[in-house]
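In the two assemblies presented below, subunit A is common to both, partnered first by subunit B and then by subunit C.
Up next is the complex of A and B:
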């Protein structure tokens, strides 16, 4: 199969200056398991564009590093 | 090389949402010595339909306000007579105890100045809605109780099949969605609590996960129960809801209508007399949208500032709190704008309509040792309290059942075949991405299965769903996360085939828009006052009529017809 990678605007935005390397709070609570740590920086990011804009990640972040936008197609 | 994890428990609960957490808690209360394990593909702290809490109870039968008999009567009429009244009666009878127990755990329900539960009327007849303006932490409270009762929890493992031997459920298999381990769990009883099939139809936004239901709920339990040989029922009675257009979440009329909000057409006129969600109401909405008097709206602009602020404070903190930023980004405000409403994608969910795995009043499916509860278990209009009640029933009855049975060893060949089925997309990492395979499947659902239904379209749909097995074989996954989504597409395909076959089988119209057939537009009680059930027999999907159980509460359905149409506008 021939594949290509498309750019998409993702709803979950992480402020890397506030994200704590040792914290996994957002990753643990995401129902769709779309957040992961960047192994190089230790910061969380949205790896899979599968968001229900339900907000546990934002609410449970201890440093308010996360902002969830309504996905572009619905906005 | 894939690792295999082998686990053993007395009772296995698949899905740790509303019903699943309660099932585990009740099983442990009934026998603290028994081993109870919750298997959850997300994390029970924030999973299932109430991941972000709930703003109210929709089916609260509280002494002094209503009786279980009145409740059964109202649901019998709303569901056009097709129900097992004994099961619905349980929700009416046990709901009050559930509310009191939740209250004792710290869940806050609205009370009046005398400390009594402050019920509101949203249904056509009777007060059953109990607001929970501070219901946002429901899941955290349930999680705490699961731990306190010492039920075990395995998060981030998704079940794919129930194991069956000698005609009874003996456990489940699945895989860890992070490390990819193959997981085999032997159990003496299995309780399926995996929620709705919320990813059946495609939302009009085109965003796969912009569904009404939590998109993790992909019909897992419908598919697993089917393959275990259990009967499913009322699958043709789709879930279709009136939702905020594009946002695709509830507005929510159950919160706002007791304050004086109502559904209106573009001219500002009422066209339904009752905002309780029903197929009959949805048919009126569909007609209004097609009459040139749309778009329709939830109207609140006539309410005073204090009332609107109160509604907002509830809606912005519970269930779907991102409603606030959705409206904000569009410059909309309840003081100046009606909330534009639209018809949701179709789904399967007995919490709102009636489609699910057949259960009796004990939460038992037709397979010994297999129980179901919550949105996937067919108890019509059961909502959150019904999920708690049937979680409780399934948990306590499963504990009773496991006293007399032993673990059985799963069949080695069956396990090997299931393992091969699961991991196939990983052998083909450059196969077609699950997103494309899912999008196409759900677009077919929209094009051919969305009401109004007709035979020609549904025949095409059925044919496409059957052939879609070949398309599923083309899927590729690069990691266990993608594999989870791939296996969910398998669940969705199974549900789509069930939805097409059941809709074709019932040759009449019933439940308003939920089963509105252009070629059989009338209700036909003579031939179709029955359930349409289906099950797997010799690898074929077999459909048959199942008689409605004798009523325990008398209802004259000739006289009592659910009608919410407003005739004079």
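Up next is the complex of A and C:
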């Protein structure tokens, strides 16, 4: 899978101010394992630019920190 | 400390943390693990001061589907937070069983608007006529939402055929209450019900009340309603005309033929189609000419059902002549 270089362009956007350091909910539910924790900040981010837009990460986040931007043609 | 296994222990301890973030992580993890032995700490989390923790705890308990959680979840129905109440109600809709009826009836006596409203909704899942004496007082409630919920619940109670205290709601000042009342009247067999439905069908200022009245009259199939339905076929709202034509499909009467023929030229295709079906059910060969003119209707449905109505009348005539 391709590594993400520009984090602003990825479809799964994590609001770091809301993301909880001890929480792994989004990482656990992602079927493609594309979300990981940033070891420096402890916040989740999209490491691999691969997404099925299945949305459990957005739904399971206890603080609503995740937004999945679904491409126009898939809406 | 609650009796839990080693995997759950750190998360159960974290649930007692003073920081909301920790408690959120703990309750989310317990939901994710989905272990039955976590039910007691999750029930405790229902009383957490943070509504997000409460909400996740409700979802986690819901997923465990353990009936011991019914009573604690009932407490969430009086929460001031609408999302907590909604989540608890959704969970209880699945968890509630007929054995919980007495508990629900006790909760209905509580002087709390949200609790009463939600319990009235939950009673629809149990369908028990024993609840009727407890539902009736809500017909006179000052709050329109409670009157509306009570009249809807009435139509879900099995074996209830008459309920005189409900009749006054047909004149309620709130349109929503009258809409639900007319729908409930379809299932009641009180003597006055048909007359009240007929009056609502033609006189109510709200078109949805008039439409629901026509819909309920179809369930009664009473021939005394024909003159009212005939009048409703010329109603200003198309849905009232449509449901009146539908009701007339079940009560075949020759006196409505001229009005039904006029409906064959209505601007709405649904009404033209339902009128054609009703004319076919009446079976009078005099309408064949009118039906044949609708065979070139721009709407395919109208053409199909007109042809069926013509075939039906012709078959009846052939059978009579033989």
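Operating definition for what follows: the second predicted complex is superposed on the first by the 62 of 75 C-alpha atoms of A that agree within 3 Å, B and C clash if a C-alpha of one lies under 4 Å from a C-alpha of the other, contacts with A are read in each partner's own complex, and residues count from 1 in each chain.
Methods note: a contact is a pair of C-beta atoms (placed from the backbone, for glycine too) under 8 Å apart; a residue touches a chain by one contact, two chains touch by 3 or more.
Computed from a predicted model, the values in this text were never measured in an experiment.
Asks: Have a look at where A:53 lands relative to subunit B and subunit C in the superposition and call it first, second, both or neither.
Replies: The first partner, subunit B, only.
Asks: Would you sort A:25 into first (subunit B), second (subunit C), both or neither based on which partner it touches?
Replies: A:25: touches subunit C, not subunit B.
Asks: Is A:63 touching anything from subunit B or subunit C once the two structures are fitted on A? First, second, both or neither.
Replies: second
Asks: Both subunit B and subunit C touch subunit A; at which residues?
Replies: Residues common to the subunit A contacts of subunit C and of subunit B are 28, 60, listed in rising order.
Asks: Name, in rising order, each residue of subunit A that touches subunit B in their complex.
Replies: Per the stated touch rule, the residues are 1, 3, 28-33, 47-48, 50-56, 59-60, 68-71, 73-75.
Asks: What part of subunit B is in contact with subunit A in the complex they form?
Replies: Per the stated touch rule, the residues are 42-43, 45-48, 51-52, 156, 177-178, 205-211, 214-216, 246-248, 320-322, 325-326, 329-330, 430-433, 474, 476, 481, 484-485.
Asks: Tell me, which parts of subunit C touch subunit A in their complex?
Replies: Residues 21-22, 24-25, 27-29, 32, 52, 56.
Asks: Enumerate the contact residues on subunit A facing subunit C in the complex.
Replies: By the definition above, subunit A touches subunit C via 20-25, 28, 60, 62-63.
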